[in-house]
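Both complexes shown next keep chain A, but they swap its partner, so chain B is in the first and chain C is in the second.
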Partner chain A sequence: MSNFLLAQLTTPNADVTLILPEIVVALAGIVVMLYDSFFPKQKAVSGAIGMLGILISAVLLVLMWGDSYSGTAWSGMIAHDNLRLSFGLVFLMIAAMTILASTLWVEIEGVPTGEFHALLLFATFGMMMMAAGNDLVVIFLGLETSSIATYVMAGLRKGDLRSNESALKYFVLGSFASAFLLYGMALVYGATGTTNIPLIAASVGAAKFPALLLIGSAMMIVGFGFKVALAPFHVWTPDVYEGAPAPITGFMAAGPKAAAFSSFLRVFVLGFPLVAGAQAAGILHETWISLLAVLGIITILFGNVAAILQNNIKRMLAYSSIAHAGYATVGFVGAGLAKTAAERNEAIAAVAFYLFVYAITNLGAFAIVSLLGQRNDRRADFEDYNGIGFKAPLLSFSLSVFMLSLLGMPLTAGFIGKVLVFRPALESGNVLLVTLVVVAVIGSAISAYYYLRLLVVMFFRERAVDWTPPRVPSALMTAIAAAVVAVLYFGLFSDGLIRRFSTAAPKAADVRAER
Partner chain B sequence: MEPNLATYLGLSGILFTIGCVGVVFKRNALGMFMCIELMLNAVNLTFVAFSRYYADVHGQLFVFMVMSVAAAEAAVGLGIFIAFFRNRQSIDVDTASILKN
Partner chain C sequence: MDLIKENLLTILILLPTVGAIAAIAYKAVTKDDSSQRWFALIITTLNFLISLLMFTRGVPVVGGFEFEQNVPWIPAIHTNYHVGVDGLSFWLVLLTTFIMPLSVLCAWTAVEKKKTAFFAFLLLLESAMLGVFVTLDLLVFYLFFEASLIPMFFLIGVWGGKNRIYAAVKFFIFTAVGSLLMLVAIISLYYIYAGAVQGSGSFDFVEILAAMQSGKLVLGSQAGMLLFFAFALSFAIKVPIFPVHTWLPDAHTEAPTAGSVILAAILLKMGTYGLMRFNFAFFPDQARETAWIFITLAVIGIIYGALVAMVQPDWKRLIAYTSVAHMGFVVLGMFSFTELGMQGAVYQMLNHGVSTGALFILVGFAYERRHTREISEYGGLANVMPNYAAIFIITTMSSIGLPFLNGFVGEFLIMVGMFKSNILKVTASTNWNYVAAMAAGIGVILAAVYLLWLVQRVFFGKVTNPENKKLTDLNAREIGLMIPLLIAMVVMGVYPKPFLERTDRAIKTIEARVMKSAGGAVEKTELDTKALENR
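Up next, the complex of A and B:
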């Protein structure tokens, strides 16, 4: 081992070009932070720097697609595969949408703009590292980088009791979940003797302590379950989402959740595969598949039923985000049961596409909720949307498109996403998974009630008090328009993106660390 | 008795359980946070024990990362607690109940 370390020190395998997209985002965050400390009065420049960084990073990421580089960088710490590239693109899109959607909010609430944008960029950097991490250490560090930045963002409205409460709950329960995840990582390390995911996959069959492997993976399911808000680990979600400022809530429901899914997928689908002839690996594989399927069933049913009972739109969207985590789990479990690498990549791409669509839709919806909510999101109940349909036709139309996409209406991107994540699970023919898909379809039917309720409220209710539509700033208009166009476009022409997501870099995910 | 791997794992399991129970039953946010730190230290002990058992440095490296992250978490957490305390004159989590169904 010491020889290995010595060799690493003399010839460090530190290929900076392979993590350039991540570095650019982190650099943009640092530049924003510095700029803000010299010009604290600025409102728009830090956002522009952030957008520029995100754009450069996205271009670099797209250029990396299918390049001739094979292998892992940084001594096997960083992966170079479709999971990383497609999720990276999703996170960058989320960050860009959040910056655009929060322009008005930043203005009226007097939030420290530079701090907010720097935190957002650091959170994005952390999420990208989570998707890129090929080692439990990198995944853990990425997770904490994004979580710590998000804790602060939830509490950005310092004087507001609800924002404080949201940050406090998010912080305590988030670090509680991290401790579980970490204990799981420690036990998996103990059972296999390595923290590198391809090496874990290679040694699950011959693990020294199979029992620890089982306990460790269960702990990791608890930890990741908290982060992606699977029932019964979702308790923090509604309170935190309701209390946090609306643009941040949109970010939290889309970004950290998708990031947690990306590492969750990497650790479980790629790290705990089915190894032929190895009993311990077989038991582990079967256990996590069935456990996740059961959690998915509970999550979908609970999220949808609880969403019906809500009167606050932000809370309703919080429960709907729980349900959507359940739908994404269907694709996840399907990826776990895939028999060939191609099928597995397709299922992973389906989950990435689903979360991409969910993120766009959700961020668009939260942009409108924050616009209509006014200061401190006071106007976020269903009654506040009474009869606004024909008074602000563009906003109501956009919000309706988002609701229909969340519902999974054909011709919207949400429909394609659902079909894609359900397919691998159905094709596997496993009884539990077919049940899961059936429950997911029933859940979608239940969800029609609360999504369509918003449409009914907007278009068919009378408004008692006078109401003038708010002024829509151009940045917010861009974000909403982009989201509507994306939802409708990917509802019809999603092939290109899905193919791109499923076939990325050469030697996808099967690269072994060189040691 | 010479301490072996099982002793360390047992101790870290006990510490983790104490921390976990503490988070569930403590009502003071600072106390809860201390219990979370206890859980993280239990994890560190597990890593170090296995690191020694396998004669592999990766476990110890992981512990460094956990410690630095715990420090960052503490800095942010205390800031959040102070903001909460300023507005409410208490860090009892039971007073955090505006957001409920």
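Up next, the complex of A and C:
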């Protein structure tokens, strides 16, 4: 397969093989739609088709890592680097987990299965295009593809008012943010004369209208900031997350957020770099770094403090997802300040690893919340979890592992993720970034309160009313078990994944020789 | 046997974890919730026996470690699983493995619900604590340091007293705040090292220390101070040093007996160990400059702890406050930066582990019988429980520092060390060291007051409360588990030489590291063990 890909590389333009993983996912979505229209009563087949497509796509992605080719495809529209490959893998994992975790919900609430799975696959396709896009236009197309699919998914619980509210809010505010983003892109195009990111990077130093560039980048920060839920652009998050069905909330908190981070990283870190001797680029670089660092500080503090006050677990996780966007920003600005390409790749890999871990932990947690929440997520308050710890030991153990990983306790993957994103920021030695890291650890300490609260109610309190542990369907069990294993495994043995994420062509043999 | 010796520390760390998993698996298969204590007892005893193998090798050379193992853990970020023991950690490892079987025994019948989970958490806690004492990689050290929080959090939260939730959360958050700042310091140190050696960074204690000693890595005074405080804060909370001690009385009082024993005997030592291992070695200048702060806080802790202990109506809370006072002594000895004082500090860590651990076990015995900790509920126990009273009084004497018992040696060394120290000397006539040493002396007297008064109220006089009349004396298990502790008290009080010899070289190294970089002459204070024996 790898050789086959290599053989095609002589004519890189319009080479289908280089976007094969994305195509496979989109095709799987279309197949699901067609299948569903012929067999509307099916429940599991569309999920199986989706899983198959995801699996094939993941294999293709991993194979693309093996080849030494690094650069662009499709006349520079598509990037082929570690950022795309590692984030692509993250999205596929998220989609697979969502399919598994949603089986129970699909079953008991009579969700139109085919539509749901098709939408999920299209959203995943859009997210993959966002990571792969090397051009502002491709990124925007990917963003819209994934957003529109997600708006619909948030409203899939048609009879529930909160779900409708969630979808409508998400749609209106999301469109607003997209407009900001698009306008920002247009201004950047006006200043540099191109939408291609490497070309933008080459011309920011000699930009004709530096002011346009500044305004354009600021509007893009607003647009992306909305998508990743950085404070103060986060206000939509809690309502949308609470109203949407739990498995979809898990998906939204992980997928679109990680996707937005991938393009955010590409546009800013790769598109607006520090160019030696160019004043305009220098101002732009400094501005976006400090702006993001300040946003990061606000986000971390706000997300954590607001999460303490929540009584609903879905809302608590929504605010915690805001805080986690803040932690990922720490690695992001670190990547922006990296001095060499290798350091930059490491920092990008750190963010990818962090979001990978966050996604898997969060999806696992939402799978359990959805299982215990019953119909319409009625039972999602802290007190609904009173004393279930020793009654359903495996579920509570899994949920505890997820909470401890979100908290960043050692021996879980969350700890490694935190260490990785703090590293590039501390490496720069920049005072603002060191402050950001200190705020991030203080935020982590605050977050101990609300993550532990779940452990406290589950294990330390007694249950007043009778409660029998629910039946756990095998698909859901698979998802939860996979998440627990991954969280613990990557807490101990993360080396391979970090290396893979930080280089586009990690030939295992070379890596070992280098050591 | 060689295989065991080569992987000795790894076995010590992993064995309890394996035991915990086995206990849970056994429960899952058989639904039997009562035999896990045997798992715990066998594993912890086995671990103790294995740890005795540490005696087969001598004291490591200066700056060296025995039973060293160094394998890459996450090569991508240059962190290694690097373990080893030297004189400083040797006795702390032994203290841990020695206390663990005893705390399993003291929980033998006290734990009534969820026994499997209880003993599994005890075992996991042992793994984490041993990891803290033997790890030489900063990131892995941090990992174990934090990991030890979780089992203790559950021990307090599930099996604790009335206020257990408040106490557990407070314990967790206090400790986590401090240690997270230490994580920032650890990563910063990694890059400072990378910049200094013009290569990749390092989390390795030995490598960083070598770079500092060879002058390759020089910390700026401001950066050094920030890093020093980031490390010191997390350890100060753990010790705990006044005024960040407030989690301790709550945690101790609410924890189940076995939890209090481990907390007092071992967990607190992580703080003082960390200060000596990392703060003194990495930041000697800062340690000297800030010694006055720590000495002042230690003295306040000694006096304050004693005064508060005196007025406690709650028996267990009283003992908890004695910890604040006793750990103040340890900090005082450490920051004297004399060999005598630091030897005394290490010795006092062990003493405190043995005697305060014993006191908590004894309080637990009474609590199991009466289910109250109010001192006023007791009285005249010596009449109905003579053996119990005798053992309690011996332990009290050890805690007060009666000669020929262990407490005396430690406190004596610390005070002599403080008198000989020059760290707070302003001029020839104004030497604040004397003041600190004398204040500590008052602390010793106060300790006698509150402990003897406790003994008087609980054990002497007539049995006034009818409920106390039916109390049964200690049974064979209870006496059996106290005997090793009593032996330790006497041996450590009468013949401290072997203990001090083990730590001697490590202490001298630390002292030289702290004092030599002062530029002035290092005052030689040879440890006169003969004088101690002849006293």
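Odds and ends about this structure:
Definition applied: the second predicted complex is superposed on the first by the 487 of 515 C-alpha atoms of A that agree within 3 Å, B and C clash if a C-alpha of one lies under 4 Å from a C-alpha of the other, contacts with A are read in each partner's own complex, and residues count from 1 in each chain.
In the analysis below, contacts are C-beta pairs under 8 Å (C-beta built on N, C-alpha and C of every residue); 3 or more make two chains touch, one makes a residue touch a chain.
For clarity, every value in this text was computed on a predicted model and none was experimentally measured.
Contacts of A:164 after superposition on the shared chain: chain B is touched, whereas chain C is not. In the superposed model, A:419 lies in contact with chain C only, and not with chain B. In the superposed model, A:309 makes contact with chain B only, not with chain C. When the two structures are aligned on the shared chain, A:187 is found in touch with chain B, with no touch to chain C.
In the superposed pair of complexes, A:43 makes contact with neither chain B nor chain C.
Look at A:175: by the touch rule set out above, it reaches chain B but stays clear of chain C. By the touch criterion stated above, A:494 is placed in contact with chain C alone, chain B being left untouched. When the shared chain is aligned, chain B comes close enough to touch A:195, but chain C does not.
Once chain A of one complex is fitted onto chain A of the other, the partner contacts of A:444 are limited to chain C, with no touch recorded for chain B. The touching residues of chain B, when paired with chain A in their complex, are 9, 16, 19-20, 23, 29, 32-33, 36, 39-40, 42-43, 46-47, 49-50, 53-59, 61-62, 65-66, 69, 72-73, 76-77, 79-81, 83-84, 87-88, 93, 96-101.
On the chain C side of its complex with chain A, the touching residues are 72-77, 114, 117, 139, 142-144, 146-147, 149-150, 153-154, 157-158, 164-165, 168-169, 172-173, 176-177, 180-181, 183-184, 187-188, 190-191, 194. On chain A, the positions that touch chain B within their shared complex are 1, 5, 136-137, 140-141, 144, 148, 151-152, 155, 158-159, 161-162, 164-169, 171-172, 175-176, 178-179, 182-183, 185-187, 189-190, 193-195, 238-239, 242-243, 309-310. Interface residues of chain A facing chain C in the complex, by the touch rule stated above, are 390, 404, 409-411, 415-416, 418-420, 422-423, 426-427, 429, 434, 437-438, 441-442, 444-445, 448-449, 452, 455-456, 459-461, 494-495, 498-499, 502, 515.
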